[in-house]
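One chain, chain A, appears in both complexes that follow, with chain B as partner in the first and chain C in the second.
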Partner chain A sequence: MDKNIYVTGIGIISAIGDNVAETLDSVRKQKSGIGSLDNIETRHKNDIPVGEVKHTNAELSKLLGFSPETKITRTTLLGIVAAKEAMESAGIKDVKEFRTGLISANSVGGMAMTEMYYKDFLNPEKKGDFVDYILNHDCGDSTEAIANVLGIKDHISTISTACSSSANSIMLGARLIKNNIVDRVIVGGTDSLSKFTINGFMTLMILDKEKCKPFDAERKGLNLGEGAGFIVLESEKAAAGKEILCELSGYGNANDAYHQTASSPTGEGAYLAMEKAFKVSGLKPADIDYINAHGTGTGVNDLSEGTAIERLFGNKVPAISSTKAFTGHTLGACGGIEAVLSVLAIKYNMVYPNLNLVHQMSELTFTPVKELSTDKPINHVLSNSFGFGGNSSALIFSRH
Partner chain B sequence: MNNYITAVCAIKNGKVMINDKVDFTNNAAGSDVDFLKSVYLHYQVSYPKFYKMDSLCKLAMVASELLIKTNKITERYKSEDIAIVIANSGSSLEVDTEHQKAISDKVNYFPSPAVFVYTLPNILIGEIAIRNKIKGENTFFIFDKFDAEFMSSYVNSLLNSNKEECCITGWVEFYDNNYEAFLITVEKNKEGNLNITNTKEELTKLYINQAQLAAS
Partner chain C sequence: MEAYIRGTGIVSPQKTFNTHDFLTEPVEYTTNSLRCIEPVYTEFLNPILARRMGRIIKMGIAASSICLKDGGVPIPDAIITGTALGCHEDTEKFLLAIIDNEEQFLTPTSFMQSTHNTVSSQIALQLKCMNYNFTYVHKGFSFESALLDGMMMLEEAGIHNVLIGGHDEMTEKHFKITSRVGYWKEENVPTMEIINSKTEGSISGEGAGFFLLSNQKSETDYAKLLAVKMIYQPENQKDVQSEIIELLKEKNLTPEDIDCVMYGISGDVRFDDIYYNLQKAVFGNSTSVYFKHLSGEYQTVSSFAMWEAAMILKTQTIPVCILIGENKKKEIKNVLIYNTYMNTYHTVSLLSKC
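Then we have the complex of A and B:
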């Protein structure tokens, strides 16, 4: 069971770039992707900034070499872009060479298309091939579609646990390798913006009308985002002879068992998840060089997460930041996107700035990193993802 | 290493089945939600939050309640040592539709936070966790249909790696006049009323058996 899990490939698309190279360029220039909402017609268009991928669905189809007429949902398109890049960067040419799996997470499925044609679906007078989109509504449909494009057949799963979905898919992937069910697995998640989530988060009143300010005393809420992030996990056998980006050394999940949408004041779920991840990795909190926090920018999350981190790290909290002010909160995809950023943090000894942070939270003793740092070795990164329903996950990535 | 299915509770077709016996039947309910309410009242479950939940959570809540009542896992294990792993195929489609209607209604536009919060399938795990203070590992899978092979091997791996001592697992679906709950507890030792080895074959048998009871 104590097998090492190697990370050999990464792929990402979000508001800060269509691929790893563009993402690196944006973070190095400390350029946020938060801005206007252009691709969705909603009454809230001018009320809130978002982290949107600046391509229409037709443009994304073109980028992938599909006909612009192809009926593919935005969630799937984003997922294919990132999963393909991850697979290519891992140098996987023949998918049949090893038992290969795909675990993709998402929370909205094909909602962006369903809501566009919702009234037409219900109108018997309306005829047309838009009806095909009904088949793409399920959360599992995008996983099947991505697997089809990549030619993956050995194991396909979809996880939907709100904002920790992708972190949980990474955890499941590691277990499939450890239990000798697959030799390598592409893990992560994808989610697109939709009126469904924009309206929902509006009613919860946790959207900041300005750019979000994670861990700031005057934070007002989160900015929604969209995108996809995937990493390739391989067993020792499958990774032999390859460039190993880092290892996935720890993972843990727990339930906060407190409230459906609000985290507990003590951050119980977060604390237990991080504690389990340390147990799996055999590392101690003092070994961590950088924490990529969940840090959504809501009043409740940042306080709860910060409290849990202080419970675990005491007054020795390492460099910490939230990258949500770059990408927005990409919900089911955030664990995948932040896993890619964690891998890059190790590769380039990088700590990302926690953008828009001005006022120190009085409840917390630590201050997140405000400027990009590249001068300290980053050997172990802790990445947190917490979701509605109390689902809390933590991953640890370590230098190989 | 063998693990054991120690209890089962299934709700389907106007029937509640506990540990292989039909325990309650009500074919007179006006709707599926009315039926769930009658189950809640019949078993004197005292948890008023039930009334605020969407249908999927109502179903998961009563099924988990009756399951836990039979073998008292929350009294026997620490809150961090109980996992919850549940799957379905339709995610939260029933309440998604309700939220979608509120958004697309130009006249009565009023999306409600009380509805939106239920538009994620793992919220039902959250409800079980909050109700019983269960803090172990929890995850929600989307599958075409109940996958006994995956569910049994996933849960066995969870218990055998000593991450958790006990797991509530199964299938909970509620969509468009079609509801089904099939929840079991899996433990490392033969602690319950059933004590069936948690393998793909035994789990499939149990699942089919419950469906047959429901249809009888």
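Then we have the complex of A and C:
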């Protein structure tokens, strides 16, 4: 069971770029993607900034070489962009060469379409092409579409555990390889902004009306975002002769079992998830060079996560930052997007700045990194993702 | 990877909880949409909590607590569920409120409960169970993805018992909507005539089925789960047949060893031949059983089938209401469940007598 899991490919699309190169450029320039909401008609349009991918669905279709009339949801389009890039960057040309899987994740499936046509769905008098979108509602639908585009058939599945969804899909991918069910697997997640999610988070009153400030004493909430992030995991056999970006050395999932949507003050679930990830990797907290925190910018998350990190790392917390102020909180996609950023952190010895941070939280002793750093070797990165229902996940990426 | 089924808990359109009866008197309906017979939730939940919860959350909590009690394990080492639609009633409620009130005057409860992992989370919250907690949402693979994960978990150090569930609910609105894409029969059909209905569409259903899987044998186990297989978009039916034979081979079995095959026959004339062809080509000597006339069709319906399989193996009886033809076997050692959802998702589970 103690097989190594190699990361051989990455793909990403978010508010800070359509691909890995653009993403790198944005983080190097410390350019945030948080801004106006253009692609969704909502009453809250001018109330909240978001991390939106600045392409319409028709433009995304065009980017992929599909007809602009193709009936594909935004979640699926974003997913295809990132998964395709991941597969190409891993140099996979013949899917049939090894047993290949696809595990994707999202939070609300085809909701962005369902909410547009829901009343029409319910009105049998109303006829038209929109009826096709009924079939796109299920969370599994985008995974199916991505798998079909990539030609993957050996193993496909979808995970939805709210904001830890795609971290969990990465963890599952590693376990599928270790259990000899697949030789390689494309793992991650995709989510598009929707009126449903925007209004949901509005009712919870955890959206910042300004740009989010993770780990700031005066943080007011999160900014929603959208995008997709996928990485390619391969067994030793499948990765032979390839450029290995890094290894996925540890992973852990635990449940906070405290509240349906809020995390416990002591970050019990977060603590357990990180502890499990260390156990799987055989590493110690002192080995970690950078923590890519979940750091949403809400009062509750950042305190809970910070507390859990201090419990585990004591007063030796390594370089830490949240990248949510770049991308927004991309919900079901954030574990995938932040996995890509973690891989890049190792590849380029990079620590991302925690943008918008001004005031030190009095409850925490550590201070997140405020400026981009590229001068210190980054060999091990811990990436956290936590979701509704107390779902807590941690991944550790290590230099090969 | 093998697992003992130590406990079960099923809420379905049949009388499947608080009873030792195994479908001797099935509840017969004349309809195109079956709903669950629900337990009295105050047995499982604080009434104030229960009032706020969506129906599928309550069904899931009830089924899981029946299962854990049945298996004699208070806190499982993992909770893994599969659901295609998640908490659909709450999703619908919040969505309609958004549309009807033009994004104003909204309250968070239904949004908070609309998340697909609410059932597995609420089970964890009720039990104060901080262990591994996953929810799979992949259409006709949702339940099998959970089962496979559970079997992998049981190989890991320190893991002994995992709680696995499959759950999906149907609402009036979602039934209407999915009728528009030809999922369901237009006519109402009596339960025992569904198999011969020869029309397009199936009878919609719903349910919550939970299983306690263990890597340690116990006196009261229902059955042993030998293998789970998912086949995505096979090129043709021969592919499925050879994959099934291959799976049996891996377990040192041949089609002759399978005493009972459970088919996902739904009365949908578009898909039922897939099952009959498999029966003719591979399992001609096995006893044939079907299940969707009792549960209805839904994307995690194989959890209901797995309960039937576990009961068949434990009680060594096959209820008359699920038999196709005669029971050809005196002893039932091996049961195979084969189901397809829309001919895209094909799943196979293999169980044996303990």
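The rule we apply is simple: the second predicted complex is superposed on the first by the 400 of 400 C-alpha atoms of A that agree within 3 Å, B and C clash if a C-alpha of one lies under 4 Å from a C-alpha of the other, contacts with A are read in each partner's own complex, and residues count from 1 in each chain.
In this section, contacts are C-beta pairs under 8 Å (C-beta built on N, C-alpha and C of every residue); 3 or more make two chains touch, one makes a residue touch a chain.
Note that the structure is predicted; figures quoted are calculated from it, not measured.
Enquirer: Specify the outcome, clash or fit, for chain B and chain C once both structures are aligned onto chain A.
Expert: Once both complexes are aligned on chain A, chain B and chain C clash.
Enquirer: Can A:147 be said to touch chain B (first), chain C (second), both, or neither?
Expert: In the superposition, A:147 touches chain C alone.
Enquirer: Quick one: name whichever of chain B and chain C touches more residues of chain A.
Expert: More residues of chain A are touched by C.
Enquirer: Contact-wise, after the overlay, does A:131 reach chain B, chain C, both or neither (first, second, both, neither)?
Expert: A:131 contacts chain C only, not chain B.
Enquirer: Which partner does A:389 reach: the first (chain B), the second (chain C), both, or neither?
Expert: both
Enquirer: Classify the contacts of A:121 with the two partner chains as first (chain B alone), second (chain C alone), both, or neither.
Expert: In the superposition, A:121 contacts chain C only.
Enquirer: Of the two partner chains, chain B (first) and chain C (second), which one does A:54 touch, if any: first, second, both, or neither?
Expert: After superposing on A, A:54 lies clear of both chain B and chain C.
Enquirer: In the overlaid three-chain picture, which partner chain does A:44 touch, first (chain B) or second (chain C), both, or neither?
Expert: After superposition on chain A, A:44 lies in contact with chain C alone.
Enquirer: Running through the overlay: 58-66, 184-192 or 274-282 are the candidate stretches of chain C; which one clashes with chain B?
Expert: Stretch clashing with the third chain: 58-66.
Enquirer: Determine where on chain A the residues touched by chain B overlap those touched by chain C, and list them.
Expert: Residues 1, 43, 107, 109, 111, 114-115, 118-119, 138-140, 157-162, 168, 172, 175, 179, 181, 195-196, 199-200, 202-204, 253-261, 268-269, 272, 387-391 of chain A touch both chain B and chain C.
Enquirer: Could you please specify the touching residues of chain A with respect to chain C in the complex?
Expert: Listed in rising order, the residues of chain A that touch chain C are 1, 42-44, 107, 109, 111, 114-115, 118-119, 121-122, 124, 131, 134-135, 138-141, 143-144, 147-148, 153-162, 168, 172, 175-176, 179, 181, 195-196, 199-200, 202-204, 253-261, 268-269, 272, 387-391.
Enquirer: Okay, in this complex, where on chain B does chain A touch?
Expert: 79-80, 84, 89-91, 96, 99-100, 102-104, 109, 111-113, 116-117, 119-127, 129-130, 132-144, 150, 153, 157, 161, 163
Enquirer: For chain A, which residues are in contact with chain B within the complex?
Expert: Against chain B, chain A makes touches at 1, 43, 107, 109, 111, 114-115, 118-119, 138-140, 157-162, 168, 172, 175, 179, 181, 195-196, 199-205, 252-261, 268-269, 272, 276, 387-391.
Enquirer: Can you tell me which positions in chain C touch chain A when the two form their complex?
Expert: That would be residues 1, 79, 84-86, 91, 94-96, 98-99, 102-104, 106-108, 111-118, 120-122, 124-125, 127-139, 141-142, 145, 148-149, 152, 155-156, 173, 176-178, 180-181, 230, 232-233, 299, 344 of chain C.
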